[in-house]
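The letters A, B and C name the chains in turn, as written, and every chain counts its residues from 1.
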Amino acid sequence: MLEIRDLECVRGDHRLFTGLKFSLQGGELLYLRGSNGSGKTSLLRTVCGLLEPAEGEVLWKGRNVRSQRDEFNAELTYLGHLNGVKGELTAFENLRLGGALSGLAVSEDDIYQALERIGLGGREDLPAQVLSQGQKRRVALARLLLSQASLWVLDEPFTALDVGAVDLLAKLIEAHLQKGGMAMFTTHQAVDIRAGAVREMNLDARNS
Amino acid sequence: MSDGVLTSGRQRGLFAAWRAMLVRDLTLAMRRRADVLTSLFFFVIVVSLFPLGVSPEMAVLRGIAPGVIWVAALLATMLSLGRMFADDHQDGSLEQTLLLPHPLSMLVLGKVLAHWLVSGLPLVLLSPLLGMQLGLEGEAIGLLMVTLLLGTPVLSLIGATGAALTLGVRGGGVLVSLLVLPLYIPVLIFGTGAVDAGISGMDYEGHLSLLGAFLVMALLTTPLATAAALRISVE
Amino acid sequence: MALKDSIAWYHFSAPKNFYPLAGKVIPWFWGLTIALLLVGLYLSFFVAPTDYKQGESYRIIYIHVPAAWMSMLIYLVMAIYAIIGLAWKVRLADMMASALAPTGAMFTFLALWTGAFWGKPTWGTYWVWDARLTSELILLFLYIGFISLQSAIDDPRRAAKASGLLAIVGVINLPIIYFSVQWWNTLHQGASVSPTMAPKMATIMLTTMLIMTFAFWMYTIVIVLMRVRRIILERERQTSWVMELFGAEASGEKDEKGERK
C-alpha cells in the first residue's frame, strides 16, 4: 500500500539519509528509531507530502502521492510536534471544525464520546488555551478516534502524556492495526504494541 | 458507486470544508476582536492625520481625499495580513490544512474571504465617514465605496500570497510590505482614478471595469500562488 | 544532433559540470565586455553628434537607455530561470535567478541615477513623476523585494523556491503595473522625459546605444557567472567534488562531518 523508494532527504546542506526503502501493508506498524537529528521527523513529513524528497518517491497504492494529494490525504492522519489545536476554540469546536474540514461525517455525539474516552470529559467547552500541555495533546489525539484514515503517521505521539493516556493511545494503535490499518511512529519512550506486525527501522544504523 | 457519485460526494465535502474554514476563521476573529479593531482604528487615525499634516482647508483635502483614503486602506490591510496564516503556522493548523483532502487553493480562498470580511469590508463601511471628514460629497462618497468594494478583495488576495511567502521568515511583518505594496499599485491607481474622475465629472466606468478585471484575475491566479507559497513555508 | 544537444544541456545543468565550464568562459566574456565598452564609450563621447537641443549632456542616455533595457530584460530572464527551477527542479536555474537579481537591481538603480542626472540640466529637476521613471522605480522595489526575501530565509532550498515564486508573481504583475502607471501618467498629464531626439534617430546614435547594450549584456554574463560559481561552492560545499577541488583545505572538515553515504 505505502511504498518508499530510494528516498533521500536533505535539510539545509546536510544529507539526513539516502537510498531509504521500505513498504507498509495493512495491519503493519513501522516503529522508527534514531537519535535526535537522524531525520525521523523529516522522514515522516516526507511520507505525508509536507516535505519534498531530494531524491526518490513515496507511493500510495502504486502511485506517487504528489500526483494524488487529495486521495492520499483522505486516507492519512498526521500528528506532528505541533498539535494543530486552536487555543481560542474549545476542544469540542476544534474537533467539530476539524471533522468538517476533513470531510468526515461525525455527529456531535461522536465528538463528545471521543472527548470522554480520551479523558477530557467535562472540559469539552473550555477554550483549548486554558488546558494543560498534556490535555491539548489529548485534544489532538482525539482526532485519531474520529479518523477513518487507514494510514496514521504519528511523530512523538506519547510526549506530554501521562501513563493512562499512553496506555490508551497504545490500545488505539492496536485497534487500528487490527482493523487492517497502517501506522508509523517515532518515540523515545518504550511502548508495547501487541497487535499487527511491528517492524522497526533505525535511522542511525543506516547512516553509520 | 459510480465515478459521478464519488465526484459529487467530494464536491459536497469540499463545500463543507470551505464553509468550516470560513466559520473557523470568523469565529477566531470574533474571539480576538481587539486585533481586528486595531487595524480599523489605524485606518481612521492615518486618515485623520492628513488634515493636521497638510491643511484643514476643505478644498485642499477634497483634492487628496481619494488618494489618502486608498493609501490608508492599503496600509491597514498590510497590518492585518500577519493574522491570515501566522497563527496557523505556529500552532500546527497549517500543516493539518495542507493535509486535508481538498485542493489547497480552494481552502485558501475561504481563508481570504474570512480575512476580507473582517479586515476589508469594515474599511469599505467606514470610508463614507472618512470621506465626509475630508470634504467629499454624495456621489464621490458612493464612488469611493464602490472602488473600495472592488479593490479591497484584491488587496486581501494579493496580500495572502505575500503573507504566505514570508511565513516563519525573519522580520516577516516588515518584509511582507516590501513584497506586496508594489503589487498594490495598479489597484491604487485605478481606485483613486475612478473617484477623481467622478469628482471632475468625467467618465469613470472604465476605471471600475478595470478594477473588476483585476478582481477576477486575482481570484483566478493568486490562490494558486498562495497555495504554492504555503507548501514552501512548511518545508 | 538534437539528442546530442539535449545531452549537453543536461550535462551542464549539473552544478558540478557547470562550475568548470563557467570558469573557462569567464575570461572570454571579460574580453568582450571591455572591448565593447571601450568602443561604445568612444562612440558615445567622441563620435556621436551633439544634440541640437540638449547639447552635450544628452550623452548620458548612452548609459541610461541601455541600463533601463537591461534592468527589464534581467527581470524577465530571472523569472524564466525561476520557472525552470520550480517546474523542473533544476538547481542551477535557481542559482542563476538569485545570481541575476543584484545585477538587475544595479542596472535599475543606474537607470534611475543617470535619469536624474540627465533630468537636471534638461528639465531643471532631478526627479519627475514620468511614467518611465516611475515604472523603473517600482521595478527597483520588486528587485529589492526579491533580494530581501531570499536573504531573510536561511534554508537555501526554501529561499530559492520562495523567491522564485515571488519572481514569477512579479513578472505577471509587471505588465499590469507598467500599463497602470502609463495610464496614470496620461491622466495627470505629467511631464514626459522621453528622449526628445530628432524624429529620425541618427544611425550612429542607434549603433552606439546598441553597442553599449551589448557591453552591459556581456558584463551581466560575466558577473552572473562569477556569482553563480560562488553560489555553487556555497551550496554544494558538503559534496565530494567541491571537497576534492579544495583538497587539503576541506579535508579537516571532511573528517569532522564524516562522509554520510
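The definition used in the following text is that a residue touches a chain if its C-beta (ideal position, glycine included) is under 8 Å from a C-beta of that chain, and two chains touch if they have at least 3 such contacts.
Remember, it's a predicted structure, so these values are computed and weren't measured experimentally.
Q: Average the C-alpha coordinates of each chain, average all protein C-alpha coordinates together, and give the chain whose average is closest to the overall one.
A: Given all protein C-alpha atoms shown, the central chain works out to be B.
Q: Between A-B and A-C, which chain pair is linked by the larger number of C-beta contacts?
A: Between the two chain pairs, A-B has more contacting C-beta pairs.
Q: Computing the C-alpha centre of each chain, which chain sits at the greatest distance from chain A?
A: Relative to chain A, the chain with the farthest C-alpha centre is C.
Q: Using mean CA coordinates as chain centres, what's the chain B-chain C distance in Å?
A: It comes to 33 Å between the two C-alpha centres.
Q: Please tell me the distance, in whole Å, between the geometric centres of chain A and chain B computed from their C-alpha atoms.
A: One centre to the other, that is 35 Å.
Q: Please report how many Å separate the Cα centroid of chain A from that of chain C, as a whole number.
A: Comparing mean C-alpha positions, chain C is 46 Å from chain A.
Q: Can you list the residues of chain B that touch 2 or more other chains?
A: Those would be 235.
Q: Would you mind listing the residues of chain C that make contact with two or more other chains?
A: Residues 154-155, 157.
Q: Counting only residues that touch at least two other chains, what does the list for chain A look like?
A: none
Q: Over in the complex, which chain C residues touch chain B? Could you list them?
A: Touching chain B from chain C are residues 138, 141-142, 144-145, 148-149, 152-155, 157-158, 161-162, 165-166, 168-170, 172-173, 176-177, 179-181, 183-184, 187.
Q: Using the touch definition up top, name the residues of chain B that touch chain A in the complex.
A: Interface residues on the chain B side: 10, 13-14, 16-17, 19-21, 23-24, 27-28, 31-32, 90-93, 95-103, 107, 234-235.
Q: Using the touch definition from the top, list the residues of chain B that touch chain C in their complex.
A: Residue positions touching the partner: 161, 165-166, 169-172, 175, 178-179, 181-183, 185-186, 189-190, 193, 196, 214, 221, 225, 228-229, 232-233, 235.
Q: Under the stated contact criterion, what part of chain A meets chain B in this complex?
A: Contact set of chain A toward chain B: 48-52, 70-71, 73-74, 76, 78, 80-89, 93, 97-98, 100-103, 127.
Q: State the interface residues of chain A toward chain C in the complex, per the touch definition above.
A: Those in contact with chain C are residues 10-15, 18, 207.
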